[in-house]
Every structure is written in structure tokens, then in C-alpha cells.
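Reviewing the structure listed below.
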Amino acid sequence: MPQFDLPLEQLQQYVPERTEPLDFDAFWEKTLAEAASFSLDARFEEVDAGYTELVTEDVTFAGYGGHPIKGWMLRPRSAKGPLPVVVTYIGYGGGRSLLGEWTAIPSTGVAHFVMDLRGQGAGHRSGDTPDPGVGGPHFGGHLTLGIDSPETYYYRRLFTDAVRAVEAAQAHPFVDASRVLLSGGSQGGAIALASAALSPTVLEHAPLAAIVDVPFLSHVRRATEIVNTAPYGELVRYLGIQRGREDEIFHTLGYFDGVNFAARVTMPALFSVGLLDDVCPPSCVYAAYNHYAGPKSMNVFPYNGHENGGAAQAAEHIRFQREVFSGA
Amino acid sequence: MPQFDLPLEQLQQYVPERTEPLDFDAFWEKTLAEAASFSLDARFEEVDAGYTELVTEDVTFAGYGGHPIKGWMLRPRSAKGPLPVVVTYIGYGGGRSLLGEWTAIPSTGVAHFVMDLRGQGAGHRSGDTPDPGVGGPHFGGHLTLGIDSPETYYYRRLFTDAVRAVEAAQAHPFVDASRVLLSGGSQGGAIALASAALSPTVLEHAPLAAIVDVPFLSHVRRATEIVNTAPYGELVRYLGIQRGREDEIFHTLGYFDGVNFAARVTMPALFSVGLLDDVCPPSCVYAAYNHYAGPKSMNVFPYNGHENGGAAQAAEHIRFQREVFSGA
Amino acid sequence: MPQFDLPLEQLQQYVPERTEPLDFDAFWEKTLAEAASFSLDARFEEVDAGYTELVTEDVTFAGYGGHPIKGWMLRPRSAKGPLPVVVTYIGYGGGRSLLGEWTAIPSTGVAHFVMDLRGQGAGHRSGDTPDPGVGGPHFGGHLTLGIDSPETYYYRRLFTDAVRAVEAAQAHPFVDASRVLLSGGSQGGAIALASAALSPTVLEHAPLAAIVDVPFLSHVRRATEIVNTAPYGELVRYLGIQRGREDEIFHTLGYFDGVNFAARVTMPALFSVGLLDDVCPPSCVYAAYNHYAGPKSMNVFPYNGHENGGAAQAAEHIRFQREVFSGA
Amino acid sequence: MPQFDLPLEQLQQYVPERTEPLDFDAFWEKTLAEAASFSLDARFEEVDAGYTELVTEDVTFAGYGGHPIKGWMLRPRSAKGPLPVVVTYIGYGGGRSLLGEWTAIPSTGVAHFVMDLRGQGAGHRSGDTPDPGVGGPHFGGHLTLGIDSPETYYYRRLFTDAVRAVEAAQAHPFVDASRVLLSGGSQGGAIALASAALSPTVLEHAPLAAIVDVPFLSHVRRATEIVNTAPYGELVRYLGIQRGREDEIFHTLGYFDGVNFAARVTMPALFSVGLLDDVCPPSCVYAAYNHYAGPKSMNVFPYNGHENGGAAQAAEHIRFQREVFSGA
Amino acid sequence: MPQFDLPLEQLQQYVPERTEPLDFDAFWEKTLAEAASFSLDARFEEVDAGYTELVTEDVTFAGYGGHPIKGWMLRPRSAKGPLPVVVTYIGYGGGRSLLGEWTAIPSTGVAHFVMDLRGQGAGHRSGDTPDPGVGGPHFGGHLTLGIDSPETYYYRRLFTDAVRAVEAAQAHPFVDASRVLLSGGSQGGAIALASAALSPTVLEHAPLAAIVDVPFLSHVRRATEIVNTAPYGELVRYLGIQRGREDEIFHTLGYFDGVNFAARVTMPALFSVGLLDDVCPPSCVYAAYNHYAGPKSMNVFPYNGHENGGAAQAAEHIRFQREVFSGA
Amino acid sequence: MPQFDLPLEQLQQYVPERTEPLDFDAFWEKTLAEAASFSLDARFEEVDAGYTELVTEDVTFAGYGGHPIKGWMLRPRSAKGPLPVVVTYIGYGGGRSLLGEWTAIPSTGVAHFVMDLRGQGAGHRSGDTPDPGVGGPHFGGHLTLGIDSPETYYYRRLFTDAVRAVEAAQAHPFVDASRVLLSGGSQGGAIALASAALSPTVLEHAPLAAIVDVPFLSHVRRATEIVNTAPYGELVRYLGIQRGREDEIFHTLGYFDGVNFAARVTMPALFSVGLLDDVCPPSCVYAAYNHYAGPKSMNVFPYNGHENGGAAQAAEHIRFQREVFSGA
């Protein structure tokens, strides 16, 4: 059944109760403080991949635990002064890939920072960043890695990297630190949401806005009840093996669930949803959207799945970005 | 079985006999002459999609039968004089999509012409060009459309459009008509092969080289014997219903099979193949490659399917393009 | 879930609002008037396929645009005078096939007219009729062919052929023009519904009744929300690529939706439905049935899918036909 | 959708109306009386399979119609006196398999009787017992075998065997006939339910309790409406072919449906359910559980399918068994 | 891979060694002699299903063990004297269905006898004949039923019925016993082959010829090595559970394998094969064909699977039948 | 195609060339020496899971890096003196599970040691051991974890654990250290092979023999060419993303490939293979077997896949174990 989730009218009203650990803010405050104890050490080295109209740079900065995180920075060669920057986060299993995938944003006249994902980059786009974490029993990819406690959970490290990535982008000599737009789809949308909630708590310049396409890791418990496709299906299977540990595991996830971040964000955001999306189901996307505390708009794609708006949504990104940067 | 086709050593030696209609050249000579009777009427209208570093234009030109064919033309805004141009053909079911998908090539400092596909553009990338052809009974997409005779076959119209697209690109005021690179993957590879064979017979300036990734429509009879995935599977099913017409249908296909074009091309070409490709099987790709009469090289991706080299092959394109254009 | 649609009690009450273009009747009046400007030119040529108890004839008549449409006519050899006739329409992707498939109806002592489908006949039963239409971008088979406007939509041509087929059957010297029964399942059911609504507006003798098994193209918008199997799935995918054009496309479909034809028919009809049918979902079948304005009965097959009643429903056809023809 | 059935809160309240043939009790009384006319003839022959800590015996006893039914009996070699016994029934398509699969229960210090299933034992675990029954048209395995009437239905023979198996276990010299625990999952759960209802009506010593994991053959009509996986899917397909015989077939099933047995049992029972179980759907399991007339408890596995509790539920069995046998 | 089996040139030369039990002929002689001890008791009762041009009769005759076997007999109402008769055997899981499926053959002016299949008729076409056999452990349908010994194997009973069906057809007052054509596809082809080999050994008038489309149960051991689709897959799974019994089971199958029957037949036969057939693989069909000892021809459908020639092959049947009956 | 790999006769002769890193022995010598620098610290704590006939103990010992590794130890309660011990390794994704799964071996009168797998235990059987390793980009489970170098590869840690597990088992007061049998299937077979090669190089008492069912991680390069099921499919996909790194990755795998271990073992071994196994393909199993340097025998299951011999092979284990232990 293509439209397997709630009908659109109900989705628009769907504001499920959030379950949030009492020490949510303390947890993240402590986590980010620990990260801040490591020098950011953002380095940018120009590389020649043939894109002569752009300046393309290989990035390294210190993320969670001071671990080196890779990335790309691209900007128009024609640019003279400080540029606004789009910080992009990648979907599940992907990495920063090669530079050729990232020419669109800098062609609009702004800088583009693409963060690599620790331990990922072997499922679709290639990656270059290891994850020196501790791994308990897990199934499949990274969704269940270290899920036994908030402290060891993979996404603690990743979301911390994401905040540090903003800081690294802002540190670039050609970037105007006061004009940052966060962007991501699916897992990238989850990271963008987390970064939008956490960055303002520690950075001098908060990002201006966020693009959050079909966010993953949002209203996770419901997701595990209505889809078992990858990646949520990895969690379903994990719970099926680790019988009786549901409450414990969902407690951990409470520190990372997009609905809890959404309720803390105040910057404007552009969301999108595909009504046939069985990877990040519409009700879970709307759960984040309806809890989102800042100005917001939603692009609905009634006949699309997880690919959602594709090239049409990319065009929307450009429109939104122009609005955000021109207004700053 | 991932490597379901011949092993690599045999692929490299695989030169199957070609079956070519006696009047192959006459057929195409007549077809292109008819097309030439229509004015090309190439029009380029600038559109603003937010890519400020580029000049982006909507293209219309007269293809087969004088039918209006759409396309995109992109070039770096910084460019002053005549530029080399890459002419790109799209894969099965796709269309020219939106401009945001085509920023990579112009970011390398050259012009980029993307031809829309008549009647396609509803399977993955969207398209904008109707196909005023005559349709006999067909199954699924365009592979069996009008296949009853070479005259009515869909690819007669499409390959003719492809030659006219080169002419249209060359007609652009910022383009150096003597420096054209043809490019395409899958069905786009089939079109690039056909265009590489046919363009030099009618255009003042022949293209310099061609990129032919995992070409479709090549050694078709074998393809129908070893894969039934889409799109070859549409032909398998068509033959299964139109029992007893195999010889007639493969006779039609002889005018369009990539091996027959390959044997006629003299310009250099870069090919690629995925050894796990069950859409355009490796032996059919090698059939075209091994019959290819010009200078050539093959990128082999042993653990990839139809996605073949992905971003890595895109990087190879840039390297090859640089070589081609710098050598001219 | 076998019974994925509404439960039977709700199906029986399901009368969704119809959305009908204001000029629905004008559109069809104009369309049929244009068709009437071509001479019907119905020709019947006896062929020997070995069925000695029957007279079997190859049929050609002028359909939409005066295009030649093929068909079969079969009647018992023993018949002396004018016979009632069953006019049969075929399911999606099929054609008139060979004569051996159509011996059952003439064995009941009546004539049988089977209309070929333009452009179809390559998916299951073979066909022999080309479709000289204009094709915009479309995906897969005929459901999205020319869907950009009612004027160019494939089903405008096909439904017009269907009305002309009744006229052709009535023109046969052995047929009693006042005793026609329309019949079809799936796409054939959609055609039968359209023909039942349109034929009486232009023919001297309206058909007496219709058999409408699991009709396709009925309550289409809901169908695209609850199934993505072929053929509705072709439309789902088309809408997924042609983002933002939903209203335009469903406006076109309003001229062809079975619920709008059903509301106009006054002749008796026998319907059938399979409660597990995920090709033509039960609620869409009931939408047509519950809007059907003539006397009607529904055969419910609770444990069948799209095959619905199979041989059992064929037996019902014979019973219904006997009733219809004996009552005339 | 993992949780495709009712939500847990509704499952816990789900008490569907039972449809029970008027002569249900008479039917079983007569059936068991007929069986009692055959001598039980339980034979136990020691076999050496290398499990030296256990005494392992090959069992034969006379089941329905006096047909010889096989089984295994295992007990700890250290045991001196009469032991409590667990009687285990197997899931669909399985047989008694080899002794190595049954060492866990006797390792807890009790006897273990495993009944082979007539005619089954070729789908997963191997079996050794033929079924000299009469077979009408059936599809797939045993679910539709002889379903034309209660008298000829396969499960009449099987459930009778199950009662006789208890009697055979009780006849063993090392068994304390007053301490029997019935146990089974899926089809085995259905048999355990039937045996729990029927054994007390004919045996001198009723079993003390039953373990009923994810019972099959329970609330069958609903099952056929919401799943078409094996084995219920065999019935769905059978009903799809034998159109119009639904009432007759469900009448037969009324004599065998677990809800009707559940309503008759008074001994304590441990149930389990997997909320993602699409083989024996949760609502059908709860239908039996909620109608169950004895003391009962339910283990819910929210992220498991038909495998339900796996090793965790096996640990629960040991706990329950200890409770049952120590309390006796 | 569509053409997963040997290439056509090798198929045409493929004559695998047959493994035939020494007492093959004795086994069948004894089996048929036992059957002959029961009176044939063929009864024909006219039924009215609305096919007024035909005389349609419900048939009952005594098959193996004297068990009552059902069937249909149809003939043209116009016929006066003795008619040639086609005896048709049905594919796996099917039964005689309803009369409406069998009007084609009698429309050619001959009689048509359709034998129902004991115990089948619940998988596609419905059936009406029970199978009072003895069932050992079996998996799925009838292929493994009683396979423990040739004496108890299901196909012993079925092939015996098939010979008796010919006798019953010959006993009809309107039938010319000297003009019988056997016909069947898939399992029906296996039965036709067996009947063609066995009938002449016991009947006064041997059938004249046989139509054997894509025969099942032929060269079975190879089939289990190259396909695991239904029904051969049922045997693969059975062998997978009944480990170590391969030789025994294939010994049983030796009495029933089509290659052993083929080598004994002398009447002319028309075969067909689909080169993509993964149900009855081409090499197994050719094994029977190449061993076939009578005059023979093969229709090859290179792009068809198990559906093989469909309506085109049905037309071939009529052509062949005309040849056979006119030559007699 | 069930038998998709080489035919049995070729498998039995299949001895592919091994590619072994020059420093293979040095690598493992160094690795094991490092491990030996950590105290073994084997602890056994009795737990009551209700299996009163057995003594069941929770095990912890120091594996690679001194990391704590869990396990189970079970022995017959009746045992007085030192017992032989079976050391069992688990398949991919599994962990030690609960005690109820391991009663069969101790019921034969010997001790049974089951090693938990670091980081696994979330795919089928549950586990309890974390893996404090460094994780580069990886796809899916553990097969690609740390595969960038032999030093960081997951299996370096796991195989080292496996050797330490033998040492831990030998350290148990009830165990006769001179009588150890290694055992495992699939990944467990790979571990058993590695342990059989490595244990004798560092332990005082080498194990006596090994059971190696359908070993994984053997002749890996070929495996990636002929199957893409899990888990080899994870490597196929990883290689597909990490294009161009094939040689590097297969170099790493050379230190862990079963064929290289097999060539070093001298103790007797019992292997098994399923000819339909598409998880650990027969040719890869035979590659290890045919290179195996000790006395050996192979159980062939021609109609089984990865489940291979199931209960029948378990019975073979008991027979082999009896032979091994009685001979010592």
C-alpha cells in the first residue's frame, strides 16, 4: 500500500507525546563541553579535481574525542570576500564521496562544507573517517552501535562531530561565520536537527536556518512499529534478539530522538516529506515537524517515497538558501 | 551469482560475430538526410535557477521529423570566448531533469549540453519532450515501441535527435564547434555510440571523442538470452508474446545495435563496465568495446553492477575530458 | 495482508464523492461526433482456424480518428438468423489474441465480437492494432500515455474505439442489433463501463446490459493511494517523477474515471469483485458499483485477488447472458 | 509494517465471538470413543544415540484409527523413580526429528515425550509416521487435507493422536501419570490446546498445565483475512479455488478452532505472542488466550515475529515447568 | 538469467543416460492388471451449463483401486456418428474445472474428454475427485506423496487413472475408439507420456498420437539440480529434510520418469518447449523428447517460460489434431 | 538454480591456488604473543538455569587485548573426574545465547565450552561481549570492520579470542586439557579452522580434532564472485563502494582466509558441505577441505543449503566426538 501511514490531514495534526530523559540537556552540555576540551584544529588543503571554476579543499578537524574528521570545502573561485556557507550532513551509510558530487551549491555563489561520517561511507557514498568507538553487540550498520548506553551510543559521537563541523566551517578564512545554513536529508536531516539544537548552545554564531529533508531518528519507537526496512529494521531486529531490553534501549534513544531536538530549535527550517516513504515514515517526519519550535514550512511529495523531492526539492533548497542568506 | 556473465579474461577476448543489415549505411544516410531537410532552429533562452556562477539556458531544437526537442545548456559565467562542449545523453526512462543536476561539468570550465529524450522522462529524471511517433503494440517503455520496422522504431527518431543535438550544441555562440565530447551511460551510452558513428557522416565538425559507460542496446540478442531485468526484460516479454517474430524483430534491431555503430567509429573513447551489471551485461558491453574501431580504453569495476563507477567514474570523465580538450 | 482494503460491510456503503470536469459530457459529445465523421467501414473476412462448428471472421473497422481497428467475430455455424451478440473488451496489455481463446461464447448459441486494443497486445494476449497517437513522456504501458491533456490521453482514443466496436458488431449481417451485451474485466471492465455510458448517446440501438468484472480506471486517485502494483503503479511512479502536477493529471483522469461513467448508465449490469484484489482494489470497484445508476448485482469473491471469479464467474456470465437475451 | 495487526491495548481486550458447531462436544466424544476402541499398545525401545546421560527410547503407540504413531521418550539416566513428563507437539511440516534436538527438557530432571506427526515431517524436522487418511483435493500441506467434512479432516486424526500420546506417556513405567505438562508452539500450540481440552474428558489423570506458544489454527477466519503467509495462505488459496464453499469449510474448521478448545480448558496455561508475527497473527493468538477459561499468563514479545521468544521463552518454559511440577 | 539451461544446439543433442528399474515393465503390468480387476463402470450424465451448441456430460469411471474418478465429456451437438476424441490431462494442482474452459476442442468437431485428477484441483483449476491413498510424510503438494515406495507413490494411482480414462473415453457411444489423441502440458504432459506408453499395453485400441507440452516428471534428478521452483522445489526440499535417502527416492521415481516412458512409445507426438522455462527446464523436456521412440516434432519457444506457446501452441494443437484424425 | 556452483566431481578436485601474505606466520606469531602478555584470568561461576542434571557456569576470560570475553561451560552433574571438552564457536551475527541451547553435548557425558563473540550477538543468538576495536568505514556487520589493515581487522581480535578460549577451557578444574575437540559451523567453522591452526603453536596441549561445518571466510575472493547473499554480500557491497581498493583488501583477507589456515593444520577434521549452499558456496568449502593438511572426511548434503546436515550432522558430530575422545 503506497500510502501506508496516516492520511495527510492526520499527519498535519500529529503531535505525539515526547519521552525525554530528565537529564537530556545536561547530557549534551557535558558531551559538548568534553569535546570543547580538544582543540578544533581545522585544516583546509586545496586539491585539484579538475573543477577549475571552484576552489576545492580537503578538510580535517577534531570531532568527538578529538578524533580527526574529514570533509570537503568548496567555494566559487570568483569569490573575493567572506561567503555564506551551507553545511551538509550525509545519509545513512554514506561518506563525503568525491568532490564531483558537490558542485551545485558553490555554483550558487556560496561556500559548501560537507562533513564526512565516522565509520560510515561504505554503503553508498564512500567515506574516509574511522570511528574509534567501543562497539557492543550490534546488528548491521551504525544504528545499534553502542546503544547500551547514551555514553557509548554511536550518535553521541556523530552529533558532536556535527556541531564541531559548523565551528570548522566558520573558521574558514573565506566564510562569514554569521551566515551558516545547515542541511541534510534522512540521517543527514537527523544530524541537521541535532546540530540546529546544539550548535547555538556552544557556538559564538548560531546557524541561521536548517534544511531538514525526511529526517531519520525521529519518533523512533513508532518507526519501529510501522516499518522494518533498513535502517530502522536493524533496530527492529536488534530488539527482537535483545528481548526484554526495550525500555532501556528506548531510554538511550531518547537522548538522540529528533523530536526532542526539534522542540529546542528556534531558527527557521524547511522540511520535506514523501507520503510513500517507508524508510522514514511520514508520521515520524511530521512528529519532528509538528514539535519543531521555530518558523517552519513543509514540502509534501504525495507520490514519492524516501527519494522525496529529488531534483525538485534541490531547487527548493536553492530558493530557501537565497532567502536565508539574503535576509541575513 | 554476482559475476553471472563470462569471466574477465574471456570478456576481454569476446568479439562475437555482428549481424548487420546490408543497407545499414543507406538506412542511416536516408534517415539523416530527411532530418536535414528540417531547419535546425536551435534556440537558447537564459533561465535563472539560482546558479549564479553559471549561465544556464533552456534549449529547443528540431530533431527527427522537425519535432521540437528540449535540452539544457550550461557554461561558466566567467567564460569569455568559445568553449569546448560536452554533449550528454540520458539513460532509459529519464529526461533532462532540472538544472541543479548538471553543475559539475560547467564547473570544470567547459560548456555542457544535455539533450532531453522524446517520450521519456517519466521513469527517473523528468523530461519535457513529446514523441509524435506511431506506436504499434508494445510492452512497457520505449524499447519495443514501433519495433515492427526500422522505419517506425523509436530509436530511429532518438538517434537522429542525438546527431541534431550535436549540431545544436555547435551552433551556440559560446561553443567552439571543433571541440565536442559526447557522453552517456547505459541508454545514454548507446546514444553516444550511435552519435559517434553518425555525427561525422553529416556534421562539418566531427566530435573529438566519446564517453561510453555500460552501453545499452549492444549485442541485443545475447542480452535477451542472459538477462530479463528492465529494460531488456521488456524485449524478452515482447518476444514471448509475439511468438515466431524473433528474426523480424532482431532484423530491425540490427540497424540500432551498438556493435554495428562501434565498428564504424574512429574517434577515441573511454568505456566502463561493471562486472556484476545485470542490466547491461558485461559481455554485451565488451561486444561493443571489442568491435570499437577507434582508440579506446576500458575502466573495469569488478564489484559493481549497473551503477558501475559512480563518483569514481565521474572523476575519470573529468580526467578524460581534460585530455581530450587539451589535446585539441 | 490479504484483505488490505475496507471490510465488506464498509465497501457496500462506500460512495465516495466524484470529481467530474464540468464539460465531461461536452468533451465526449465532441469526441464521438468527430469519430462519427469517419465512415465505420466494418469488414468481416472468414478465416479457417479449424473451429468447424463455428464461423470465424477477422474484423476491421474505423475507430477514433478513422484508424483501422482489428477484432474477431465468431458465431455458431448452425445459426440461421440474426443472433444476439456479446462485445468483449480486453484487459491491460492484451490484444485480441488468436481465435482459439474465444470459443466459449459462440458455443452458447450467440455471436461474439472481440475488439483488439490499439497499441496494446504485447503484455499477455497478442494484438494487431497500432496506435497512431501522440506520446508525451510516459512510464511503462499506456496508462500515462498522453496524460498531459484529455485530448491527447490514450483512453480517449480507446473508449471511442469501444463505442465504434459496438456499432461494427451491430452492422454484421447475422447480428440482431437490438440485442447487444457488453463485457469486460479489469481494463476491459473500464471499457465496458465507458461503452455502456457512451454508446446509448450515439447509437441507434443501445446495448441491453453490461458485464463489468473488477473494473480498472475507477476512483483512480484512491487507487494510487492504496496500491502500487501494475498498472496503477505506473501512474504512481509517473506522479512521483512529475512532481507538482497531481491536480492537472487527475483533472485529465476525471474524463475517464469509471465512477463518472457509472453514474450515467441505466442498463442492467453484473459486477464482480475480489476482496484480495490488489490490482483493482475492492473499494475502487465498489466506488463504481455504488455510483452505478442502473439495475445491478455484485458477485463477491472473498478469497480471490484480481483473478476474481475465474471459471465460476464465467459460468455466471453465461447465466446472466441467458437472462439478458431471453428477456429482450 | 512490522506491527500489522491490532495494537497491544486492543489485543488485550480482543474477545471475538466464537462460532461453534452445535455438536462440537458430541463430535469429539464420538471421535475419542472410536479411538479408545483400539488398544493403545504403547511400546518403548531404548536406542543409543550417544546421549549417555539420558535414557532415550523410540516410541510407538496406536493413534486415531489404531494407526501406529511414532515418538521419542527421553529421561535422565540418573532418575530412579516416577518422573513428571513434558509432552511436546511439533509445528507445521515437522516431525519428531532426531534425538539430539530434545536434550534440554530431560536435562532438567524430568521425562520428555515427543510425538511425531502423521504425514508431516518433510518441511523442516524429519518425521517417520504415515497418514493413512483419505485425501480430497487439497493445496500444499495438511491444512486443507480432507477439509470437506469434519470426519475426514486431517486434524481430527492428529488431535486424536495427541490425546493418545498423553495416555502413552502416562503408560511409561518411569512416568508419574499425575504430573503431565503439555507443550507446543504454532501448530504444536494448537495441538496442545486441543489436547488440554480433550484429554481430561477421557484420561484418568488430566494433564496439570499447558504451554501454548503462538498457537496456530485459532480464530482461523480472521487469520485468512489478515495473512496469506504459509500455512494460512494454503487455506486462502484453497478458498480462492473452491469458490462459494466458504461457509461449509469454516463449518468444518469450527470443530478444530483453538478458540473453541480454549473456552473448555480449566488447567493453567502459559502463552506467548510475537507482535510482529505474520504467521500466527497476534489477534488470533489473543483470541484463544482471551477465551481461555483456565488460569493463564501471556509473554509478549513486541519485536518478534513467529520465532517469538526463542531462547528467552525456552527459559520461561523451564521456570513454568518447575512451578507446575513442584506444585503438584 | 532467462536462458539458464543448456543452449539450444546442445539441447537438441542432449540424450542423458536413463536409469530404469529392472522390473519397470513388470511393475506396470502388475499395476494395470490390478486395476483391470475393477469394473470400469464409465457413466456419462448430461449437464446443462448453457453451451447449447455442445453436448456436455459429467463423467465418472473407476480408476486405480476402483476409486471413482470424475471428468467431463463434450461433443458438438451437431454430430451424428462416432467422433474422434481428444483425451486431456491437467497440470499440477489443477482439476477438471468447469465446462466453460473446454469449449475449444469440441468446436473443432471432435469429442473432448477431460480427466479430473485425484486429490488435486485446489491449486488453480478446481477438482472434484478425492484420493483414498496412503500418505507418508510429504512436503507441499502431491509430488512427494507416498514417495517411499513405488507401490505407494501418488503417481502410480494417477497414471493408472490416466489409462483407464482412455478406456472410458473409448466406451462412450459417440466415440470412435480407434481415433484417440492424448494431450497434456506440464504434469499433463507427463501423464500423456505415461498414458502413451501404457495404454497400448492394455487397451484394445491404442491411441493414435500424443501432444506433450513441456512435460513435467522427466529426467527428474537433473531437474532437482537446476531448478527449485514449484513443483520440483517440493522434491528438493523433501530431499533436504530426508537426508541420505536420495538413492531410494530416485529409485522410486525411476518407475515414473518420463524418459523411461518416452523410450517405450511408438505413436507420433508433438512436443513443445520454452527455453526460459524454469518450472520444467528445457534439458529435462529434451531428455524425454530425445529418448522418445516414435515419430516426433518439437515446437521451440525461445522467449517463453512455462507458459510456452500459449495461444500459438493451441493453434498448433488444432493443426496436429486435424492431421492425426484425418490420417486415421 | 539449486546447484549453482561446480558439480560434485569437480568440487572434489578443486584445489585453487592460495594467495598467502609472506609474513602470514610472523603476523600471527606476533599477534598471539601480544595476547599472551595479558593474564588469561579465566573465571567460572555456576548459574542455575534449571538444568539440574548439568553443572552450568558463566565464563569470563581475557581475549585479544586483554578484553573480557564471555562464554558458557556445561558438564554432566554426574561427572567426577576430568572430562574431555568440546569448544564451540558460533556463526555470524550470533552470541552465546542462553544455556538452554547447549544441553546436547554435555548430555553425551563430556564438557562443553561455548565462546561468546565480541561485538556480535545481535543478529540471531544474543551475545554479551563488547568489542573495543577501532572501526573504519564498514558496511553491515563485522565482515568489513577494520578491513583496511590486518592489524585493525575484526577477525584478528576474534581468532585470537578463539585460541584463548581453548586455553580457558583447558584451565577448568574438571577438564582434561589433553582432550579438546574444536567445533563450529559457518563463521564458527572459520574460527574452528583458525583455532586448529593457531592453538597448537601456543598451547601446551593442542586440540585433538576439529569439526568444520560449511566454513565461512574461506577462498573469499571466489566467494565474492559467485554469491552476494549475507554475509559475503557485505564485502561485495563494500568493494563496490571502495572502488579500486580490491588488492589491498584481499591482501588483508589473506591473513584470515581459511585456505591458509587449512594448509597448516595436522589434526583430524570432519567437514560438511551443502551443495545448494549460497551462503558459504561449496567450492569455497572444498577449497579449504582440499587444502586441509590433516586427516579429514567430508559429509556431503546434496539437497541442502547453508543449513547443511541439520540434526543429521549433529548426530555425526556425536559419532565423531566419541571416536576422537575414545581414541585419546
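Some notes on this structure:
We call the chains A, B, C, D, E and F, going by the order they appear; numbering starts again at 1 in every chain.
Everything that follows uses one rule, which is that a residue touches a chain if its C-beta (ideal position, glycine included) is under 8 Å from a C-beta of that chain, and two chains touch if they have at least 3 such contacts.
Just so we're clear, the structure is a prediction, and the values are computed from it rather than from any experiment.
Under the contact definition, chain B and chain C share the contacting chains A, E.
By the document's definition of touch, common neighbours of chain A and chain D comprise C, F. Using the average of C-alpha coordinates as each chain's centre, D ends up farthest from chain B.
For chain E, the chain whose average C-alpha position is most distant is A. By residue number, over half of the contacts seen at B-C repeat in one listed pair from A-B, A-F or A-D, namely A-F. Interface note: chain A and chain F, two copies of one sequence, contact each other through mostly matching residue numbers (shared numbers exceed half of all numbers used).
Put simply, the C-alpha centre of chain B and that of chain F have 51 angstrom between them. With centres taken as mean Cα positions, chain E sits 37 Å from chain C. Shown for chain A are the residues in touch with two or more other chains, namely 125-126, 237, 243, 312.
Touching chain pairs in this entry, ordered by label, are A-B, A-C, A-D, A-F, B-C, B-E, B-F, C-D, C-E, D-E, D-F, E-F. Here chain B touches chain A in the complex through residues 49-54, 76-78, 97-98, 100-101, 103-104, 106-109, 125-126, 311-312, 314-315, 318-319, 321-322, going by the rule given at the top.
For chain A in complex with chain C, the touching residues are 1-3, 276, 301-305, 307, 309-310, 312.
Looking at the complex, you find that chain B touches chain C at residues 93, 95, 119-141, 144, 237-238, 241-243. Those residues of chain D whose C-beta lies close enough to touch chain C in the complex are 4, 224-228, 236-237, 239-240, 243-244, 246.
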